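Should a chain be cited, it is by its letter among A, B, C and D, assigned in written order, with residues numbered from 1 in that chain.
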Amino acid sequence: MVNLNAMGIVFPNMHDSVIPDLTAHRTMASVPFAGRYRLIDFVLSGMVLAGVQNVGVIVKKNYQSLMDHLGSGREWDLARKRGGLKIFPPSGYSSYEYHGRIGALKGILAYIESAKEKYVILADCDVVCDLDYAELMERHAASGADVTIAYTKEKMTPALMNNNVSLAMAPSGRVRELMINDEQTGRRNLSMGVLVMSREFLTETIRSAYSRGLVKFEQEILAKNLDTIKVYGYEYTGYRSRIADMASYFDANMQLLYRENLNRLLPEDRPVYTKVRDEAPVRYTVGCKVKNCTVADGCIIEGEVENCVIFRGVTIGKGAVVKNCVLMQNTAVAPGVRMDYVITDKDVTITEGQYLGGTRSFQVFVKKGSTV
Amino acid sequence: MKECIAMLLAGGQGSRLYALTQKLAKPAVPFGGKYRIIDFPLSNCVNSGIDTVGILTQYQPLVLNEYIGNGQPWDLDRLHGGVHVLPPYKKASGSDWYKGTANAIYQNINFIDSYDPEYVLILSGDHIYKMDYAKMLEFHKAQQADCTIAVLEVPWADTSRFGIMTTDADGVITRFEEKPKKAESNLASMGIYIFSWKKLRAYLEQDEEDKKSTNDFGKNIIPAMLDSAQRLVAYPFEGYWKDVGTIDSLWEANMDLLNPSVPLDVWDESWKIYARTPAQPPHHLSSLAHVENAMITEGCEVDGEVDFSILFSNVHVGAGAVVRDSIVMPGCVIEDGAQINYAILAENVTVKKGAIIGARPEHMEDIEKWGVCVVGEGVTVGPGAKVGPKAMISQDVKEVL
Amino acid sequence: MVNLNAMGIVFPNMHDSVIPDLTAHRTMASVPFAGRYRLIDFVLSGMVLAGVQNVGVIVKKNYQSLMDHLGSGREWDLARKRGGLKIFPPSGYSSYEYHGRIGALKGILAYIESAKEKYVILADCDVVCDLDYAELMERHAASGADVTIAYTKEKMTPALMNNNVSLAMAPSGRVRELMINDEQTGRRNLSMGVLVMSREFLTETIRSAYSRGLVKFEQEILAKNLDTIKVYGYEYTGYRSRIADMASYFDANMQLLYRENLNRLLPEDRPVYTKVRDEAPVRYTVGCKVKNCTVADGCIIEGEVENCVIFRGVTIGKGAVVKNCVLMQNTAVAPGVRMDYVITDKDVTITEGQYLGGTRSFQVFVKKGSTV
Amino acid sequence: MKECIAMLLAGGQGSRLYALTQKLAKPAVPFGGKYRIIDFPLSNCVNSGIDTVGILTQYQPLVLNEYIGNGQPWDLDRLHGGVHVLPPYKKASGSDWYKGTANAIYQNINFIDSYDPEYVLILSGDHIYKMDYAKMLEFHKAQQADCTIAVLEVPWADTSRFGIMTTDADGVITRFEEKPKKAESNLASMGIYIFSWKKLRAYLEQDEEDKKSTNDFGKNIIPAMLDSAQRLVAYPFEGYWKDVGTIDSLWEANMDLLNPSVPLDVWDESWKIYARTPAQPPHHLSSLAHVENAMITEGCEVDGEVDFSILFSNVHVGAGAVVRDSIVMPGCVIEDGAQINYAILAENVTVKKGAIIGARPEHMEDIEKWGVCVVGEGVTVGPGAKVGPKAMISQDVKEVL
């Protein structure tokens, strides 16, 4: 394992608003994904794989589930005496609620300044990917950039229009224009919300921006000073899903029913760590019928299931027919139920004989803890 | 000071498991899709509120040591107590491998004394069962026993394979016979003992002085205590319990998990079996897969047929392949069109296209030649090759052209 | 170790206001004490010694230092898979700031309800003591009480007058009167802020109180219903210090210069756990003069020191004369300094040649991080 | 995959430490007020960024095992890697105690292979020093060496006690002699080696086949590599380094901590020495105490005089008692009026009122008879009793009336 000489800072609440159903009681970072993960798992595991040993998580609201999930950070090998995982709640250090990245960072300036690492990686959690942070860092160092922004080439969608940062670059890779919530259509270079810079650059920027009342890092600092700040783009071309609304969340899960996608997002030699739940293997009983499903441990499947992403601890009773669904942790589907295009949040119970149906473009959502 | 600590005998080679225990100790043998055998006694300990466990090892402990690690998966990484692996060691005056089960405990008297326990629970690492030791301890205390032995009623026909107790009306043991030819009773010892530590300590020291002793609990310590009229009582256990010391019993115990009428439920939230598990993605069954009556865990990819079988993590079953009545350990690859029948494949076995492993009893001309087939760790069975029933192979099998 | 069958719930911010200097950037629970501890250490260690394995900590503000101190709870053997230590920040689970104990408890009702333990111990952190929680629990069970309150017989002081709960009991121990901020002088039975009850009683009380808009547990629930709720007192007669203002905080430290007090508060067989700091032993150089001091590890003492409580990592230079002081972590006293009756918070530097003097009744306080 | 892992040889009995190593391995001997010897190489590892350490034990490992535990105090409780205690074990074909330093590594080839390291750092558990192994590894890589040996210039008079290297102008080792009578050079091996693992692995296997070999790094592996013209280079180290294999050197190394001119600073925040420490209150010096030039740690209570001495945790020094030029290990009680001079008291020694231990050299008639006195673990020295200089006692000493 390389020592990356970089610390990580994660913003779990960024983009909460794009999926309000799922973030009513949690952060974007703790949204369940792909059967057994939370979105933050991809960020933390990627950083740890690249040798990052010191990660700060700046939370703003609804973070109890995130704290439960992260615990001491042990599962990501971040339960460390030196460095490791540190969670910063807003009223932990003062009484004001922060605004923008700069406000959030200002609150933990002492922590950033006391770190030993040369670089800092800032990361949001709304793009699920297998980003190689080590390569990103190498490119950052080689280019001589002040800031490197990881981006993907993406076809603009209506959902993305009011939640994006897009880049226009010179052939050298240097960013010439940085646009916030740009509404141009077609293929765009969209920031992944992953930014690399030296720790020194970051602390100086926070200080000077804060004293001038600026709070938005991309919009108020970078976009307006592209001639003096050397900002470079780093294109990520690997597998990814960008969660921009409920439909893209559903699609992102469904894409993992294609085995090549599952293997690209979760390659065998680059493990994604998550909280251990001590579930037994999945039990498929006599008479069950299962086709094209991605299934996490702890489930008991007695019915007919097709094209579903099934999270840990789900039970599907005899005679139930469940198709094109995303069933989160501990969903209990009683015998005889019929479901098509449904997303169930955690701890949902669907009682005997119910029928729930959505369509390919509009999925029925059943919120956490409800009984239908 | 701890009221009760557990000592888990995990030193056995498990030679009747042949190819499965070439490179690892029996308690480390994978079981039930995501466990190893030792997870059962360890999980029983924590579920029973016992937070201090010594594990006595001496045979091929590397895998077991790595697996146990700091004990965190079992919540046994404690400030005081927790889990400790105890190999034999050299002393200022001489040194010895563990000679027998009792000698293994004797050599670790200092370890036990350091917790100053009132009671010591002796367990072995080769049984599959769920048991609340706290209840057994309550029984031991209520009975004011010097030693309590957990017992199970076994079929009379099987008594010659067990240590058999005779008890009086109060459950006090009056006679103990190791593997009797003609048994007086069908109460078999489960190899689970609770001793009052002071008492056991004295008998261990006495036993150590006896040069003729084989330093074994069943053969020496228990008979010696009976001879000197100590109070030994039988604790009757009802429920699932299986010694998995042979290929057949290991196969059966795994298959019992698939049988809804067998009372061994690993999905029960109130008595979880803990295990150390690798980080693996959820498993994926494609549109080609046909899975019924099976246990499958994370990291698997199935395009073929799996019936009455258990797939451990990261097993791949190719299109048209058939896995029936089999146990497939982590990392195995079963290529397209291969067939696996009544077999145990150890870790990282590769079965190439069209190869056939094992046989179904109904297809045998001579049923005597039929049995579970075992393929050892890392073996590759070549394309189209055949491995017969009852075979134990630990070498690659070449392609058949 | 007994299994106590009780869970603990700690209120770190209760009584913050009595020592505003020390709680400007921390909770009452994380106030440094006795050379190497924080006040919460006494509560947590006492609970753990009695076999409590599940402790919730309900924080309200200024809790970053408490989170740093507690970490995963490992040092108290509370970094557990099942149960263990759990910190509940206010905006972690919702956006409102809670009021009173009832409000705080209402916010974590689901956590309390999902616990397995039969009893609950509620505890504040302002009384430093060596309370035997196991004995308290036994007495609670034996008396058949609904609620047992641990109390001490205490001479009323002006500082205590507006921050106390006092009890009047029948000979049976049953509380007949429960007074809030009672101003009677003389010896009174003062609650230690440690209350025991069944988990069932607590959850029912929270529900019914909350729905009626009541937020103060002692004042609005217990005091008004002593005829229907069986409240008993449990007298603690061991060593203790009640932190009611800055002067009592200073005294509480100074009392530990008497070895018998140190041994009663910190008996050898009942360890008090705290965060490990990996300090070297104390180095006393040639020519130093030290009399009647309690000294934690990591210090380097070259000067003259008398009647002082010295926290971890303090340095006292050559020729310095330091008397009757409480010097918190990493206080650096330069050569030649003279100090008498001074309390320094963490990371204070006193530069060469300075003189700082207070009196027996009024100590000079130097706040965290300052250089004098 | 790890770039470099460390293997720490901790199996030695340390018989020249007599009473101090009756019940514990040398690396577990307490040192410097709150450490044990092994804390130095372990802390060096983590401070150098090495997160995987195998500790090879076989002699009295109980204390050491408990002390190392899950490795958390050294930040070595890692998901992959971390610290692992490696005792000898039984294999399917035979079993053996570790025969020599090289054989100990040989028997753990599987362990090392499981991390697939490029380099292996070999350390021993009986030296006190601070060293950045990362710099040595850079040197090894820059030199494209097969093996790099850390060396220290020693006084020419002492060369016969060390393994001595002769190097050419580029630092390449041309000759290696174990304890030469007449040395060619004064560059002594510090017992710290970095090997390219593939290379070492081959030499270990070759050495194992040589029945006449003593399976030792210094005696066999290094000479064999030199003979076959491998590239061995010397890595010059400057700084404090001390082998604490004898009573005198152990006493001196402790006392060096009190000497401001010796470059061994345990208070340096940038290179902390980590240790597992018990929960103890701060120490207390009363108005009667007189303490100068001393190291004192938590749990101590001092009413007497302590000069040029080190008190470990929980030591009590009574009124009028005098402790000079001595090392007093955890839990010792020195009652009123007792005197301790030039002594090492092992854990939990009780020195009763008025007893006198050791002597000052200036008070000796025959200076040849003077030396550091050692009192073994748990010994009680009775009231008024005398224990002479250079004595090594491990039995209680009776009261003198």
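Some points to look at:
Here is the rule we use: a contact is a pair of C-beta atoms (placed from the backbone, for glycine too) under 8 Å apart; a residue touches a chain by one contact, two chains touch by 3 or more.
This one's a predicted model, so the numbers in the text were calculated from it and none came from an experiment.
Compared with chain C, the chain whose C-alpha mean position is the greatest distance off is B.
Between C-D and A-D, more C-beta contact pairs are found at C-D. Inter-chain centre distance (chain C to chain D, centres taken as mean C-alpha positions): 41 Å. Rounded to whole angstrom units, the spacing between the C-alpha centres of chain B and chain C is 48.
Across the assembly, chain C contributes residues 74, 79, 81, 273, 278 that each touch 2 or more other chains. Touching two or more other chains at once are residues 72-73, 77 of chain B.
Interface residues of chain C facing chain D in the complex, by the touch rule stated above, are 34-36, 45, 74, 257, 259, 262, 266, 268, 271-274, 276, 278, 280-288, 290-298, 300, 309-310. Residue ranges on chain B touching chain D, taken from their complex, read 13, 21-23, 57-62, 65-66, 69-72, 77, 82, 84-92, 95, 97, 110-111, 114. If you check the complex, the residues on chain B that touch chain C are 1-3, 49, 72-73, 75, 77-80.
Residues of chain A touching chain C in their complex: 59-64, 67-68, 71-72, 74, 79, 81, 86-93, 95, 278. Chain C meets chain B in the complex at residues 1, 3, 74-77, 79-82, 273.
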